[in-house]
Amino acid sequence: MDRKINVTIYNENFHESTIPQLKTVYPESIHGALRSFLEKDSDIGTLRIATLEDHEEIMTQEVMDDTDVLIWWGHAKHPDVSDEVVDRCAKRVLEGMGLIALHSAHASKLFQKLLGTETYWVRWREAGEKVRLWNLAPNHPITQGIGETFVVPHDETYGEPFGIPNPDELIFLSWYQGGEVFRSGCTWHRGEGKIFYLQDGHETFPIYYQPEIQKIITNAVKWACPIKRACKIDRGGPNTPALETYELEDHDFLLLDAKDHPAFQK
Amino acid sequence: MDRKINVTIYNENFHESTIPQLKTVYPESIHGALRSFLEKDSDIGTLRIATLEDHEEIMTQEVMDDTDVLIWWGHAKHPDVSDEVVDRCAKRVLEGMGLIALHSAHASKLFQKLLGTETYWVRWREAGEKVRLWNLAPNHPITQGIGETFVVPHDETYGEPFGIPNPDELIFLSWYQGGEVFRSGCTWHRGEGKIFYLQDGHETFPIYYQPEIQKIITNAVKWACPIKRACKIDRGGPNTPALETYELEDHDFLLLDAKDHPAFQK
Amino acid sequence: MDRKINVTIYNENFHESTIPQLKTVYPESIHGALRSFLEKDSDIGTLRIATLEDHEEIMTQEVMDDTDVLIWWGHAKHPDVSDEVVDRCAKRVLEGMGLIALHSAHASKLFQKLLGTETYWVRWREAGEKVRLWNLAPNHPITQGIGETFVVPHDETYGEPFGIPNPDELIFLSWYQGGEVFRSGCTWHRGEGKIFYLQDGHETFPIYYQPEIQKIITNAVKWACPIKRACKIDRGGPNTPALETYELEDHDFLLLDAKDHPAFQK
Amino acid sequence: MDRKINVTIYNENFHESTIPQLKTVYPESIHGALRSFLEKDSDIGTLRIATLEDHEEIMTQEVMDDTDVLIWWGHAKHPDVSDEVVDRCAKRVLEGMGLIALHSAHASKLFQKLLGTETYWVRWREAGEKVRLWNLAPNHPITQGIGETFVVPHDETYGEPFGIPNPDELIFLSWYQGGEVFRSGCTWHRGEGKIFYLQDGHETFPIYYQPEIQKIITNAVKWACPIKRACKIDRGGPNTPALETYELEDHDFLLLDAKDHPAFQK
């Protein structure tokens, strides 16, 4: 990669702003925790942060055009996110921008728009259970530095069935103390963009301070970064004029008027 | 299958209503052509038809709840389709209703919502070229009665790259006289529903009267029909209360208050 | 389906023959347990049984040509299975015969040949742990009659990473008491045949007498049954003579002698 | 990548040795043509070459352990390749070594072993037809520097149906003058290794001197190179002793003797 990776973080920042106890978990909010380790990585370039409050001002077309990878954390306030911003981000993913969807971002407008399913469809339980993640892809860029298995000591539980399209790659499976399992690390391709979903990260636990989780997110940012910042695809689709086909030299086959069709000469 | 398959056809019916010459191709509109062969099949039950003009009255929640498979043909008037109807249909596909998307339905709101991509993204050319379809899945229910290859004498050309997610199954590949190729028959699963896309069927050619195409669509309707008419999934997701987990007998692990987390006792 | 489904069961029958205590678990061996419920299903036709001892006599080309679905259980004696029989069965799967691979059949010659991996590659532990299976595909033919989750009270533990190619469909995920997770129900397509793998079924526990397991295997047999008993593919590949192409009228392009290539005229 | 990529090329070298005219096409054999452009790339480290004649001496365990990516070209003499070398190479792919299978390598023992199908199953015709490749994945590492479409002026024709498992990624589709289409650029993952198949490259045409083909192969080598040279997986599978599970503290659940099972206490 001959350029730095520009990252934009969207964090709802609602729970952290309204529940005083969360200050002990995320004193600088979840986006602050994410920034704290990403900004130390020398491959990361411009690192922008948007919250529910300011996302319409921050996540402009210009900023998204300059973004390689978007990280999304949202939970209680998905409906309040601007449809215009969501459309802009979805279009950018189709053009090649990477997307890292964290935890309850599975129910965000953006993730659902790109995945094509209403992925509210999970079991869940807030009981601070132990989670054990299993690494199914030891040679994948996202799992470098991660062993065969590791534990998140306490997290919200998500359980199958998870209403996602079959992932292109299944990276992590999670085991929960209470009996559930979950496809907790998945990748998909949409258009020219790569998407990674990681289940871990409830706001009441300091999960984004855990070294394995930081390593996974950092790896995922590098994996999701497009080779070129933007494909700038003309989404209207190129109409190749009938007289400019690649392989035809004799154009008398043209039947631009349906009346010429042999079926209608009888 | 112990019940008949209820089919609802949406056909935009705009070109047929406004271009007089098309009366020679589709005297009863495209929906009439589709109905003409489906109604002869003894597995088909209630067959309903909706057009752009009346789709909001016809495609009610009650009708869609009673529909096993939805067939969609649209082209010039995608934006005029009711968002409410699209959301209703998408939800039904996630619950198990089959969807057969024909020709330019790749650019319909419904298909794009379910596939998660803005699939305008194709090459295209209206030149009435010869199309040769290749059958890649001779043991698949959709291809029964179809040989290794067949020709659509004249159709609109679509060309790769086609901005779709990797299909679950690639059923047909098309060769076009002018040099293009296209993934012309594809399946996907979304939620509990099955989706089949078939590229063929431009309004200026009598493609839906061609026996192979009729056979493919009839087969696809039977393939896409869900085992049960509706899963009626509670899309809010079942929250399993913390005291009712499957596998835990001792609930002292519960950390419902973040302050109790060991990380914050230091 | 207008014919009965012919099923052939291969069971190694080594443990049952050599460990007296297993008589209390499988008094008629594992193949007897499988036969006991399959023979009650009115869709099942000829039901043949082969063991390690007699598989070369039983699993002839004639028998395999008359088989719709092969069920395979093997464990300690994989290397002793005839390569000729394995090749015959693999070829039949590519022609459309279904394969249900049970438990340690993941390490059988046949499964590994068809999947292309040496799937010894699992974690495992014989500790009679509780297993909880989760149903990820409630609308799939294999899961009809199975709820969201069920328990196998005691089984051998298998754990990820499981060295399989990405399944076409992930049907079941298993949670084990000791902390492991496993993709315990998976489907693949190979050639024209369908393959289903089910992890459950260690010889020391009466798992094949459990109603859910019997239902899953019965469903899988029906799902895996090919539409036609055999594709009888000419595996040498059809060479289309140069003068009989589909789309060329002018054959002067033929360059059967490399010396004619323009690159060599300079 | 902090190391050079070690590449081993296997080329059958039978046609070039026995058909005098081919000296005008591949004066240094196909392996010479492949070497000529790979050795110019500064990311490539040790570049070894093996032919049918010497492959048993060259492709030792030591050499394969030191190889990051294996390129394979074979055609008429697949059966003469050493089974021991094939097994060694297959095991190395499962451990992470990349494999680039060129042209008729689809019918090699190694490719068939890893893909799990007897992929003789293609249509084919030696008529020197024009081939047009379409790039379906413009943001993929393998297609960098390749435009939307390009032409191979003359090549052997391959046609669908191609008996491969559904590719993980479909990179190129080919259009042939005579009416065929083919999935000519495909990727799969097997174990920890990546596989890329490229259809182009009949021995009678100078295809490996074409800049687009050279670019694709060079890109594919870099894409297929594993992050670590070898996973060195213990393929016997790690047995986790029953008394050393991750998640159990109380081991009285152990039922190592089947007689203890509750089902047998009645």
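For reference, chains read A, B, C and D in written order, and residue numbers begin at 1 within each chain.
The rule is simple: a contact is a pair of C-beta atoms (placed from the backbone, for glycine too) under 8 Å apart; a residue touches a chain by one contact, two chains touch by 3 or more.
Given the structure is predicted, the values throughout are model-derived calculations rather than measurements.
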Shared chain contacts [chain B and chain C, defined touch]: A, D
Relative to chain C, chain with the most remote C-alpha centre: A
Separation of chain A from chain C, taking each centre as the mean of its C-alpha atoms, in whole Å: 35
Centre-of-Cα separation between chain D and chain C, whole angstrom: 25
Chain D, residues touching no fewer than two other chains: 130, 132, 138, 149, 159, 166, 168-169, 175, 177, 179-180, 189, 246-247
Touching residues on chain D, where the partner in the complex is chain C: 21-22, 24-25, 90-91, 94, 113-118, 120-130, 153-154, 157, 159, 163, 165-166, 168, 177-180, 188-191, 204-206, 209, 233, 235-242, 245-248, 251, 253-259, 261-264
Touch list for chain D against partner chain A, complex: 96, 130, 132, 138-139, 141, 144, 149, 168-169, 175, 177, 189, 192-193, 226-228, 231, 246-247
Interfacial residue positions of chain B with respect to chain D in the complex: 132, 134-138, 148-149, 159-162, 166, 168-170, 173-176, 179-181, 183
